[in-house]
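Accompanying notes for the structure given below.
Per-chain numbering from 1; labels A, B, C, D, E, F and G assigned in written order.
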Amino acid sequence: MIMIEFPYAAVVLMIVGALGGLFLTQAIDKILMLAVLGDGLIGIIAAYQYLDVAMASSFMTFVGIIIMMIGLIRILEIKKAKGETI
Amino acid sequence: MISPTETLPWISFYLGCILLILGALGVAFGPKTAKEPIIRIINLTVPTIGIALILLSYNYTLAMLTVLSVNVMYYIITIRAIIRLEEMGALY
Amino acid sequence: MSDILNLSGSIIGRILLADIVPYLTPFSLALVITILVFTVFLTLSTPEFRAMIQFKKDVVGTSTVEKKEARFRRFMTILCGVALLGVVTTGDLFNFALFVSLVGVTNLGIFAGVKDSHVLNAAFQYGLVIMICSLPLFGGVAITLARTGTLSMGVLAVIPADPLVNISRALLIIGAIGEGALAPFFATKVEMIRAKGAPYINMMHLSSLMVFTRIIEIIFIMG
Amino acid sequence: MIGRIFNSLAKPDKVPKAFAFAIMLVLLVSLVYSYQLNPEQLYTKPAPQVQIEMAQENVDVSYNLAPYNRGGTPLDPEDRGIVKSQYETGNLGWITAYLTPFSQWLRNISYRFGTTILSHPGGILDEILYYTRGLDTILESTILFVAFTIASWVILNRTEKERKDREK
Amino acid sequence: MDPVTETIVPELVPQIFLNFYPIAIVVAIIVAVIGFSALILEKNDFQKILVIQIPILAMYFIVSAVGTDLAEALILPGIVVALAELLAVTEILIFREITKKEQKKEALEEFDFDFKPINMEVLKTAIPITCLVSVIYGAILTGFTGGAVAGAGILIYLFTGKISGIPHSFWEEMTGISGVAWCIWIIGFLLLFITPQLWLLSLFMAGAGIIVKVALKLGLLGILGREEYNV
Amino acid sequence: MPYFQFLPHIVLFIIGSLVGLEASYKWHSEPFVQRTIEPIPLAIAIIGGILINIYAPLGFLFLGFVLGMRPGYGFYESILGIVLALVLWVIL
Amino acid sequence: MIYPATNSMLYLFLEIITASLFAGLLLGLHRKVIARIQRRPGPPLIQYMLHTLKFFIKELTIPDTSSMPLYVAIALALAGAWVLAFLVGPVLLGPYIIIIMCYAVHKVSEHGIGLATGSPYAKFGSSRAVLSATSEMPLVVAPALVFVRTNSLILQDIINYQIINGSLVNQLPLAALATFILVITKTPFNPFGIVYGKDIISGFKTEHFGVIRGVLMFGETLAFFVLLWCFLVIFFGGVINTPLTILLAMIGVTFILGFICALTPMVAPYHSVMIQWIFALLAIANVLLI
């Protein structure tokens, strides 16, 4: 039986998320990759077996991404009003 | 098999270091960062998560929670500033 | 206590606040008196009327700080004085670093409300410097802690010197220089003191020099 | 040459950059040293995951407070929490490990909620933050307060000015 | 020392932290150097603020590398303070730009920027619950962490624009509450030092005071933001 | 260190120079012409030079008289007095 | 540290009077030397002192624009700081670090004195005072090196060390040079005196008359005495350690200072800062050389 140690999976998720978050050029893509990064973090915390910390941090990464989305949309609106693009 | 007392802290520590350095490089010299502050803010998340991992590997869970929640406020403050400056046309 | 004794005289008194032990020596007593006198007088003073002369035009007049602005800046001046009292009496390295950053923030506050874009620009650059300063200050303290296992100056004074502590000394000095806007990074200060409101501006100058005199004592103690 | 450097230092815009450069130099020089941690520290803590391993093995229910378990029962001078502070004071270890009834129940059912339980008043960090290094906490909070005051004052000032402009 | 006590509080710093330390310092220095070099190359003032965050992260790393409870107690408030400084500096930057604009006396055309809440399904449903959860969790965690978590909850609620136009007097009341919390906190402290027998009461006062203070301060930001846009 | 033991010297010196200044302005009210050695200051200088080795404060009074004279006058006299004082001091 | 049991107020008062009178004479001598080098007869020796005394009996006017308690208080602070420095240094042989603090207060006062008037001319002077605060650098570097040598900064200990091991000037010549530069900056008509430069009328003192000016000048006289004393005792303490030798050596150094001030031009503000920094760095290099 092939068993994947899930911390390794989390590590892979985080690296993919980090690379994507850093090197993609479209802002919305980057934010999505950050979600992947946050998921990896939660995986690692789960490996540490701190359940409450995992709950709270998953929550916080979610909030962060929402904020980022809203901010991005507003900035895009302003840019549109000015006739620029990101 | 990953030993929770030996291997796991090392994994998260090294991963945190890698994310920190990569993220710092990305924030400093990443693509399009010089033009768009919002992209720089997004990139800043990567080293912040790296720091969170490192704090986790030292077992500073409270500090890690604080970092993550302060990160949210960091977003709010900086994005608000971007919006204000962009409205004034003083961002660049 | 040997280093403290050789530097600033015998210890007159100390307050036991658990791990943080503020102490008074003749040196810090002199500093405390100076700071108290200055804070009281600077707080009581009204801002001056700045004579304005425009060259090439025959315009002569005076202008002064608005009342509301003066109130805020006076508050910051008092806070800065309190922070300085802490800087000169504290007996703990981390506490010292914190007091120094409090001095930096209050200095920033003294100039935050000035409606002059030159002054604001200098204040902004100074703000950047005090943000950078958190690295050398707290980093220096942390390296000392990691090396010696203590933060108390009373204990540090009797511990023999360690080569690695030199790094944290250098970091602490550069941190204090940045927070106090001292030479050679004093251009922001020179720009900022062009603002109106003599008592408040003078407080900034006092704070930077007091921090400087204190950091000298501390880097000697650390050896 | 030196004159040119000094002239460029005279502009406020250059100051943060010059300062950053100075710190950078110090840090690069410090790479020469080999850094070692002195193992004799205050307020030591166990290695990561050790406490959670013990909790898994169900040795003792007090290990369910991992990773912040530092022993002791509150208000009991005989059984205090273990705190290694710089100066000995009479009341060390009293604060550590206070548990409300809710937290006690939480501790009994699971070993995965240690952080939440011990960030009630009563954890080791409260001991350090509020007792042995209380002045630090006051100070940090004062810095926070001052910075917020500055920001809110600037914002209010600006808003009022804009309102006046609009009324004109 | 018996093995059980050794797992609670060891005499020396564990070996794994000793092994971490040289790597930690070197990585932190590298990161700081990267941050500083970016700062030196950067021309835009606002971008400088963002870049400075990298050395601050390096600072957290250096402090945390000590690997004791003391180190955690030292970084915990430092994180919040760095945020506060950032806020003050950002406001000064915005104020500077406004003064600059006024001094130039250039008639900038006012473009219509509609500050209406965004219609997104997830925002309508998720935001209130999110805020509620974070505020409750923040209340459970006292101290700086709790304040930060609860503050984040309040802040996001205000930022997403559910409520519009909180009157000016309301925020003054909030300042009053914040001041009261400050007083409670200080009293709790003094009580702790003077009469250690009342430690439980004083601890609750201190813990509750600081969470109320930090959370309200952070919440005020959002209100101020609404004030500013006059929505 | 007790410096006030020199207070008489200094005070008498100052008094001497004040008197010298007043006196020389009495003697020479004309514009500055030329330098000559005059008898009275010369005598005072010599007395001062001798006295300074016997009772120093008094010597300073007399030397101060010469040194404190109107600018341009009493230059050679005072040098003579000082040299005399030094020579006597070396001899005795 | 030795605090003599005979420290009555009268004793201290007499000490202050002696020092200020003597330093007044020294400054007069300094001016005379400069005049002689420039082939002028120059003023009488007591001119500087008479000048100071004159202000005490003149009418006191306070500008309408000034910032009120500050205008008076800060001048007193300057004098008070140097009185403190004099008592701690030459009289009680206490910690040298307090003298550094007094120097810092002097700098702050210079700045405040200029700003408090609200006059643009005084403001120029005070801006330059901030700029010239960099000359604190040699003052700090020198004691650092001295501390490394003697392992103490109490003046009594430094003198004792030198009596046993010989003067420090042999061991730290460049640090002595840096301190000497500092002494130069406190003399009138010095090349680094950007604060008092003639291009800005009287610098920060433009708007001060009457008693306040008198107090200021009294403070500056004491400052000259204390700094000269520190320079002599810290670096030549093996030879010069009795009151008589110190006073004689002060006269000698004043001659040298007069020569230097007469023969050097005034430097521009930023160059002044630069030169002082170079000397401070040289002093640091001294440690590496020996």
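The rule is short, and it goes like this: contacts are C-beta pairs under 8 Å (C-beta built on N, C-alpha and C of every residue); 3 or more make two chains touch, one makes a residue touch a chain.
This one's a predicted model, so the numbers in the text were calculated from it and none came from an experiment.
Asks: Compute the centre of every chain as the mean of its C-alpha atoms, then state which one is farthest from the centre of chain F.
Replies: Result for max centroid distance from chain F is chain A.
Asks: Which chain's mean C-alpha position is nearest the mean C-alpha position of the whole protein set?
Replies: C
Asks: What are the two chains with the most C-beta pairs touching?
Replies: D-E
Asks: Hey, how far is the Cα centre of chain C from the one of chain E, in Å?
Replies: Roughly 24 Å separates the two chain centres.
Asks: Would you kindly tell me how far, in whole Å, the mean C-alpha position of chain G lies from that of chain F?
Replies: 28
Asks: Rounded to a whole Å, what is the gap between the Cα centroids of chain B and chain D?
Replies: That gives a centre separation of 19 Å.
Asks: So which stretches of chain C touch two or more other chains?
Replies: 17-18, 94, 101, 105, 108-109, 112, 121, 128, 132, 135, 143, 145-146, 184, 190
Asks: Would you please write down the residue numbers of chain B that are in contact with two or more other chains?
Replies: 4, 8-9, 41, 57-58, 61-62, 65, 69, 72, 76, 82, 87, 89
Asks: On chain E, where are the residues touching two or more other chains?
Replies: 16-17, 21, 25, 32, 36-37, 39, 48-49, 55, 65-67, 70-72, 74, 76, 78, 80-81, 85-88, 90-95, 98, 100, 113, 134, 141, 143-145, 149, 152, 156, 159, 193, 221
Asks: Using the touch definition from the top, list the residues of chain D that touch chain B in their complex.
Replies: Of all residues in chain D, those touching chain B are 45, 47-50, 52-53, 67-68, 115, 119, 125.
Asks: Under the stated contact criterion, what part of chain C meets chain D in this complex?
Replies: So the residues of chain C touching chain D come out as 16-21, 69, 72, 76, 79, 86, 90, 92, 94-95, 98-99, 101-102, 105-106, 108-109, 112-113, 121-122, 125-126, 128-129, 132, 135-136, 143, 145-152, 155, 163-164, 167, 170-171, 174, 178, 184-185, 187-188, 190-191.
Asks: Can you list the chain E residues touching chain C in their complex?
Replies: 21, 25, 28, 32, 36, 39, 45, 48-49, 52, 55-56, 58-59, 62-63, 65-66, 70-71, 74, 78, 81-82, 85-86, 88-89, 91-93, 95-96, 99-100, 103, 193
Asks: In their shared complex, at which residues does chain E touch chain B?
Replies: Listed in rising order, the residues are 16-17, 20, 23-24, 27, 30-31, 34-35, 37-38, 42, 44, 46-47, 49-51, 53-54, 57, 60-61, 64-65, 67, 71-72, 75-76, 79-80, 83, 86-87, 90, 93-94, 97-98, 100-101, 108, 113, 134, 141, 143-145, 148-149, 151-152, 155-156, 159, 218, 221-222, 225.
Asks: Along chain B, where are the residues that touch chain D in the complex?
Replies: Its residues touching chain D are 4-5, 8-9, 57-59, 61-62, 65.
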